[in-house]
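Shared between the two complexes below is chain A, which has chain B as its partner in the first and chain C in the second.
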Partner chain A sequence: MIMALSKDKVGIICCSGEEFPEGTISRVATRLVLEKLKPDETVTLCLPLFLAGGEDERAFARVFPTIAVDGCSKKCAELGTTKFSGKPVATIVVSEIMKNHPELKAKSREKLDAQEMQLAMKVAEEIEKKVDEVLCKKVNK
Partner chain B sequence: MQESQQVSSQSVEKPKVAIIACAGMDKALGSVARTTAFIVTEKLRPDNTLLVCIPPLVADVKPNAELIKKYPVVTIDGCAERCATKIVAKAGARIRGRIFVPQSAQTYNLKPNTASDIGQEGEKLAEKIAEETAVLVSKLCEGGLK
Partner chain C sequence: MENRKVVIVPCSGIGKSLGTVGRVATYKVIERMKPEKTRTVCLALLTTGDQDALKLVRKNPCIAIDGCPAQCSKKNIEMSMGKLAHNIIITDVLRKNRSLKPDGVIELNDQGDKLAEIIAEDLSEKVDEILREEK
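Presenting the complex of A and B:
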């Protein structure tokens, strides 16, 4: 998997937690980054596979920078990545971003309404900023 | 009278089954697993199930690890890696049922679109699997969850 990547990539590892709506926001935001905002610069690492022992996922996270996207303060994506590959270069916590946007609420764990999609886009934009920072730092090194 | 009835209904805990889905980010069938878990826990068997996240089980977050030891577990896996089953087994859970979404997709001949949007067939597949899972939950609850 790593050999096939010809340019710099950032791995996005999101919690996708099922217990809270914020987990769904983290998942949708990650997909927005992968599919719309930074399709050429990012890949996703499947957290359950990573945690279950997926060697490709773990090897990627050892070689390439990663950004953890966590739904809540448990920060499972960050903790899991740190435990098996190395600390992510950045961690985005949805519940923290929500504090800056009190008008946007996360209510659903399944399908997001227009307001929740807006929140997911805000989170996606934060991830995008971090991706730019990480890649910029790599170029400047 | 009313008060004592309320207290007594609260003190009897309903039998519960923990549902753990893979929720894989990469594959459409992972999204079907996740949707299935929501249908079971929110619509079909809300009183007899609880949804438990996978990542906290490995990240050593206590409440989740305790829940899967306390209640019998049904895992829903989206691909052949079977991460939900692997992680839960390693965490010491009592696995009483395993759902394998790719097999159900073949059985029902339904193909979800993508991980972001499972589409109508994906939704239908999730409903079918959720119905099977709900039956399994009922059996486990009727059997005294041994």
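Presenting the complex of A and C:
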């Protein structure tokens, strides 16, 4: 997998927490970055594969910078990535971003409504900023 | 056995639509079909060794739903010494429903939702069976 990558990439690793709406927001925001905002600069990695022994995932995160996207303060994506590969260069916490947008509520775990999609886009934009920062730093090195 | 629930744990794989199919099937069961008999737990919490999550999967029967043969959910439940009662690999279900072409990760297309419904119905029956056997 790594050999096939010809340019700088950033790995986005989200928690996808199943118990809480914030987990779904983390997941949708990650995909929005991958599909719409930064399709050429990002890849996503499955967090559960880290512990299940996904060597491609672990190797990628050792070589390329990663950004963790966590739903809550338990920061499972950051912890998991740190444990098996290396500390992410940045961590985005959905519940923290929600504090800045009290008008946007997250209630659904299955399918996001328009307001929740708006929140997911806010989170995606924060991820996008971090991606730009990381790649800019790499270019300037 | 009172208060015992079946814990349904989808892999939530983010790379392909089948991860979303497993996730949607899980919510169909825990929120609509069998809310009083089932729940889920964050798989990521298991991978980080969260004590409450570990206790939950060790005390209650678990069903793993995996999008692909890597079986991350099943493996993580086993590595957590959880009580794995049943597991589903969605690629196997898809093989039996070849006419369905699931697509979309952010939002499933209708065929992906149909596949999730098929899995949810199977899960719902399995939950009753598991709880009957536990009595």
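Just so we're on the same page, the second predicted complex is superposed on the first by the 141 of 141 C-alpha atoms of A that agree within 3 Å, B and C clash if a C-alpha of one lies under 4 Å from a C-alpha of the other, contacts with A are read in each partner's own complex, and residues count from 1 in each chain.
The rule is short, and it goes like this: contacts are C-beta pairs under 8 Å (C-beta built on N, C-alpha and C of every residue); 3 or more make two chains touch, one makes a residue touch a chain.
None of the values given here were measured: they were computed from a predicted structure.
With chain A as the common reference for superposition, the partners chain B and chain C occupy clashing space.
Residue contacts after overlaying the shared chain place A:Ser16 against chain B and chain C alike. By the document's definition of touching, both partners, chain B and chain C, reach A:Arg31.
When the two structures are aligned on the shared chain, A:Leu79 is found in touch with chain B and with chain C.
Looking at the shared chain after the overlay, A:Pro48 reaches both chain B and chain C.
Within chain A, the residues touched by chain B in the first complex and by chain C in the second are 14-19, 23, 27-28, 30-31, 35, 44, 46-49, 51-54, 74, 76-77, 79-80, 83, 109-110. Interface of chain B with chain A (complex): residues 21-27, 30, 34-35, 37-38, 42, 51-56, 58-61, 81, 83-84, 86-87, 115-116. Looking at the complex, you find that chain A touches chain B at residues 14-19, 23, 27-28, 30-31, 35, 44-49, 51-54, 74-77, 79-80, 83, 109-110. Within the complex formed with chain C, the chain A residues making contact are 14-20, 23, 27-28, 30-32, 35, 44, 46-54, 74, 76-77, 79-80, 83, 109-111.
Within the complex formed with chain A, the chain C residues making contact are 9-15, 19, 23-24, 26-28, 31, 40-48, 50, 70-73, 75-76, 79, 105-107.
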